[in-house]
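Structures are listed in the sections that come next.
Shared between the two complexes below is subunit A, which has subunit B as its partner in the first and subunit C in the second.
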Partner chain A sequence: MVSSIVLSGTAIGCIYALIAVTYNVMFSASRVFSFTAGTLGMLGGVLGSLFIARMGLPVAIGFLLVLAGGAVLGIVTEIVAVRPVLKSLDQHLYVLSTLALALMIQQFTAIEWSTEPLPFPRLFDIARVEFDQQFWLPMLACLVVIVSLELLYRHTLIGHAFIAIAEDNYAARALGLPERRLRMTSFALAGVIGTLAGFAGGEMLLAFFANAPMLTFYGFVPVALGGMGNNRGAVVAGLMLGLFQQTANFLVGGIFASVAVFSVFIIVLLARPEGLVGAALQRRV
Partner chain B sequence: METEITQQATKLRPASANGRAFASGLGTALPFLALLVVGVAFPLFGGGYWGVIATRACVYWVLVSGLNLVVGFAGQIAIGWVALLTLGAYTTSVLVAGNVMAPLSPYLALAIAALVGAVFGLIVGLPALRLRTFYFAITTLGFATIVTQVALAWQSVTGGGVGVPGPVFPEPFSSQWGFYYFCFGFAAVCTWMTANIAESRFGRALAAIRDAEVAAEASGISKPVLLGKVFLFAGATAAVAGGLFASLQSYITPDAFTLDLSILFFIAILIGGRSSILGPLLGTILLTALPEFAAPLVAWSTFLYAVLLLIIVLAIPGGISEMLDFKNRRALESNRAIVPRPELVARLFDSVPNAGTLTLDQVTLSFGGVLAIDGLDLEIRPGQLHGLIGPNGSGKTTTLNVISGYYAPQRGAVRLNGKAIPALARDQRAHMRIARTFQTPRIVGSATVLENVMIGGTIDGNGTFVESLLSLPRHRRDEAMLRDTAMLALEAVGLERLASVRADRLQHAELRFTEIARALMLRPAFLLLDEPAAGLSAEEIARLSALLQAIARAGTGVLVVEHHPDLIFDICDQVTVLNLGRTLAAGTPAQIRSHREVVNAYLGA
Partner chain C sequence: MPLTRRQALASAAAAVASTVAKPAIAAKEPILIGYLPALTGPSSSTGVGINRGIQLAVQEINAAGGIDGRQIELITRDTQSDPTKAVNGAAELTRGQKVSVVFGPVNSGESLAVVPLLARTNTPQVHPCWVDTLTDPKKYPMCFRNAPTNQQIGGAANRYVVDVLKHKKVAVISDTTGYGTASVNAYVPMLKAKGAEVVYQSNVDAANPDLKPEILRMRSAGAEAIMPWSVNAGFLSRIINTRGQMEWNVPIVGQTTLGSGQTQALLEKPDYWAKVYPNNFRPVCYTPDGKLTDRTTAFLDRLKSAKIEMADTLLWWIALGYDSPRMIAEAMKNVGSEAEQIVGYLNNLKEFPGVYGDMSFTPDRHDGYPDEEVVMVEANSLKNGAFKLAPGYSA
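Right, the complex of A and B next:
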């Protein structure tokens, strides 16, 4: 029993962590939190099921198409919902514009796909074991994303440019960095990571439109607790969240597990609004 | 009520403006009266199904009217307010059905639901005091999900997925039209109450929290206290709407309370526009009725709401209310001058403010490793104009911010009459009659100039939030008093002709004088001005000088941070020169002008 809690908790935690990374990648490039983060995760599952189960494409091709779809959606988000409101960042219009886009995608999926959860195909045709692919796929995805991002940010020129944009947008632009192109690349990258999360976790979460608000919420918890833009904090907090949720699930039942997660989230945030890994307050006057 | 305010306003205006003022008062009330007539007469031309739609619109509006104060006025992004509708619906239904105790009368159950809703409104809303926008939006979203899940799981009380019957209100409200009038009554009362709040110091304070939070703090508006009241109210109206909703549905299950409903409420307000009652009201009616015009639209309704939301945000952020605001499309005079009447300043002060002396005592403040202020002593006496000058980065604005409570000094203290005033208690400064202006004017752009100035007098009202809700005499006296004083303050700074203009249409110099008028509303014992002359023409600076001298003559101690040496040396009684956070020199203007180091470091030869 303990091992199954640890397995499913870690796997779910990895999915949350990946959604949190999706938030972070978009945030770093634009100072915008986007409601589309969970929508991307939901689409990873729905598109995977569509391409592989319904259309019968080979797994590898279906996988690549899903990621490509995520990248396109990331770019669309940047063009439609982020760029037009960046000028007035202080008015928080981005909260509304990204919410609108996320709702449009979610409703479209509900109507054109299904309002019921549909099964996600098994990606590898191997027998079920305790350490099953539905558990290790999200873990593998999380590991690959984290390692790749670290390598990208530390060892490549474009990674340095991402960091420069995140640290000081104006200075980066003054240095002649193509700020807009980098931002679009970041959103495409976030789209890939978000759909990867949903694809890897497809068997656990199923292809279900209502995963969008669920992932938007649970994916944001690690962002808030781990500190904005901090990927390592997000992974640690995501794993803690997944394990806590599965333990509570087992001990007090599913519904009250959600209540427990929500209460802990609120209490921690109220005690430390800047997250467990602090960030300085801004000058207001 | 409407005519009373108009009368109060006309007293202050030249006789020629009387007719126009009355017309504008009537103009504001007219759409509401029209809706009232249509609502009352609705059963005459509405068929049975349209009756259900109209009842639903009324029920939604009961919730939206309260939420409008949270979203439209206070600017808090509460997207999960359906949680409180759910709570109210289940509380009413369960109490009437008698699942937990002996069945109650529906009226009593509705009242209890309102109380429960108020408490939970406060609980859901409280995180807004600590959390940034997106965080708060997410927590309300999370709360909405949780409430539905609890309703699903708590089978013994809520009936789980099977649900529970909604309450039935007895005669005369049991028939379709009877129940319609019941809901319409609630909707009308909610409209009236929230319109009263909108026209009160509380409504203006909410807008100030939304658009100019630092100015709200400087005016003594306590965000936690005010938002707390509004969350109580919005929670109660949402829960009442829930009880009515349950009765309208006649049977409720957790499926009835989807997030789509929450989105409808939220978007109705945004379509309506900020700081408006009529806009969100029309938005609610529109969104409730829209899917009914074409059956295929029903499935796509939430999709369409989302499209509408995107269009509103990107194309018309002002919403319906701004589209209907014809008055503010009229061109303003192009070459208007600000002509203050300093002689009126004394009339604002009914007595000489006597608060003693404001002193900074060895104040030290560093940011990281940088010493912004290093052991600064400063003394501001009543009736004295004190200039604070120095190069950029010498700590002038930081000094003002320490006095007004934005930074806590690491050493030393700010004392009023020898007593240390608590650091960081920003909204307490106004109660000590310490007022200030800002380097970049902090103004509520969507409010009129007069309303902006009235914000400065918020703490001088006596009526409570409930008195304003019900427009009781004390509320009306407060409003009349604030309006009179604000008009006088505007005349004193020379902006009375712009009183009814939206503040975001003003020029920069006019905004600076508006801020001074707002600060004067406090009848300040001390007035802190952060670069009041920046961006002003030479002529305007001369007028500003005369105005500041009049304020000092009235007994106020004035501290001016400025870069214009002329202004400082012409009018100040005392000048302090800062350099690198320390006093480089202090004395009369004549002494400073001949101070060798000051001339070398700052003034130049």
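Right, the complex of A and C next:
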């Protein structure tokens, strides 16, 4: 029982963590919480199934096409749902615009793909074992993303530029950084991470349009718990969420597991509104 | 005012013309039957299957001369699986087209919205939706159901588990939808009344990717059969896959979706579909020796000669569609196309011979499908849209 909790809890926790990182990457570049994060995760599964299972493309090509699709959708999100509302950020209009775009994509997927969950292909033709690929693929994807982001942000010029616009947008622009292009690149990167989450978790979650709201919701919990914009916090909180959820499934089961998860979520936020890892926000007065 | 001779002649001529010409025109006018299928949208697979049977039946009735020389004209409004569009369609059929009868909608969600509306317009209605409250001779005296109720569906599954398989310890699981929770709430007391012990009962989020905890809990509780109630193929396939991975050989008995192509597509191994028994209907099932009834065999021959596709749908959907206009036409042939007469005839209908099943109504019961015809079948036996009866049923 313990191995089952650890395996599936860690795997689903990694998917939540990747969606949380998707939120964070978009947030860092724009101060906008784009609710397309879960939709990108859903599309990772649906596009993977479309390219590999339905169109019969090789896994590697299908994988690259899924990531490319995610990048394009990230850019479209920035142009359609984020850029027009940036001027009035304090009115939080992005909640409506990104949610509307997410719902449109979700409904379009339901109509054009299927309203039923469809199978996601086995990516590697190897026998099923207890530590199956459906568990280690999300873990591997999470590890690769976190290491790559750390390297990008700490050791590359473009990474420093991302941090600069995240820290102080006006100052970064005053220094001559191409803020708009960097923001679009961030959204493309977020698109890649979001679809990677859905692709790596496709065998667990299947290719199903209704994964979008589920991932949007559960992916946001690690963002809130880990501190907004904090990727390390998001990964720790995502893993904790997955493991706690799976433990609750075993111990109490049914809908009570969801109740347990959200009870703990509310208690944590009441005790530490800035999140478990985040620092309290300070505002100049 | 005095009447002139010219006026008297004119009015007499008009009176004669109205009495002579009207029946002549009426005899040629088609009989309008309103039809509210979901031909597109997320719940359209049922409607598409039913539609094939309906179209064939109307063609056959019209080719045979119609009803007393009058052709049947189906006035179709696609509900697009949307209750709002179903309501709009029903309003247009009754107020605009002034149809004699409405068949449909074919999905419960749409019927829940349409049945009260048609009751207010005094339009006879026949529908095949399972939600129990969708017939009520007092509230909806003109509404008839030519399909089983949810009570009959659950009752058949319970009978199979307790009476045929002789299992007394049962696990009942559903998703958290209205259908799932209502089914568990309705079927668990029925199981207990039959003397079964419900050792596990739960509603689980259908999006939960790992159902191993639930299945382990069922096994620990000593369950001898799993009864899932959901129309979500992903949820059902996860139950079947987890049972297979755990090599736990208990039967899974429940809703028709257990035997659907969508569920099959999500199975990790084809073998996992063994010992899975979904609901179905005896007249359209293969007997244990692989035969269909004579009536159904003749129907299959008609479908083949009409080149109607069966491989991508279910035989019971086509049969249900085929029977519906035939039953309505039978009523009209006997009593005419007036609403009160049709309802009066249907209220006393006894064993109308359908391919899907023999339909009977009384003034106090508008659910026409016989209990004993709701059966369980082997999910992995699908051939030409029909399944084989589950083990334990007599031929």
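For this structure, a couple of remarks:
We adopt the following convention: the second predicted complex is superposed on the first by the 276 of 285 C-alpha atoms of A that agree within 3 Å, B and C clash if a C-alpha of one lies under 4 Å from a C-alpha of the other, contacts with A are read in each partner's own complex, and residues count from 1 in each chain.
By our rule, a residue touches a chain if its C-beta (ideal position, glycine included) is under 8 Å from a C-beta of that chain, and two chains touch if they have at least 3 such contacts.
Since the structure is predicted, the reported quantities are computational estimates derived from the model, not experimental observations.
Applying the stated clash criterion after superposition on subunit A shows that subunit B and subunit C collide. Contacts of A:Arg128 after superposition on the shared chain: subunit C is touched, whereas subunit B is not. Judged by the touch definition given at the top, the superposed model places A:Val80 against subunit B, while subunit C stays out of reach. In the superposition on chain A, contact is made by A:Met204 with subunit C only, not with subunit B. When the two complexes are overlaid on their common chain A, residue A:Gly253 makes contact with subunit B and with subunit C alike.
A count of residues in subunit A touched by subunit B and by subunit C gives the higher number to B. Legend: residue contacts after superposition of the two complexes on their common chain; A:Met214 is shown touching both subunit B and subunit C. Touch criterion met: A:Ser4 reaches subunit C, while subunit B stays clear of it. Applying the stated contact rule after C-alpha superposition, one finds that A:Leu118 touches subunit C and leaves subunit B untouched. When the shared chain is aligned, subunit C comes close enough to touch A:Ile12, but subunit B does not. Only one of the stretches 98-106, 152-160 or 314-322 in subunit B has C-alpha atoms clashing with subunit C after the fit on chain A, and that stretch is 152-160. Once the two complexes are overlaid on chain A, the subunit A residues touched by subunit B in the first and by subunit C in the second are 214, 253-255, 258.
Against subunit C, in their complex, subunit A makes its touches with residues 1, 4, 8, 12, 110, 115-119, 128, 201, 204-206, 208, 210-211, 214, 246, 249-250, 253-255, 257-258.
The residues of subunit C lying in touch with subunit A in their complex are 42, 176, 202-205, 207-210, 212-214, 216-217, 232-234, 237, 245, 262, 265-266, 268. Contact residues of subunit A toward subunit B in the complex are 33, 80-81, 84-85, 91-93, 95-97, 99-101, 103-104, 107-108, 111, 213-214, 216-217, 220, 224, 253-256, 258-259, 262, 265-266, 269-270, 273, 284-285.
Remark: subunit B residues 77, 79, 126-127, 130-135, 137-139, 141-143, 145-146, 149-150, 152-153, 213-214, 259, 263, 270, 299-300, 302-303, 305-307, 309-310, 313-314, 317, 397, 401, 406, 438-439 touch subunit A in the complex.
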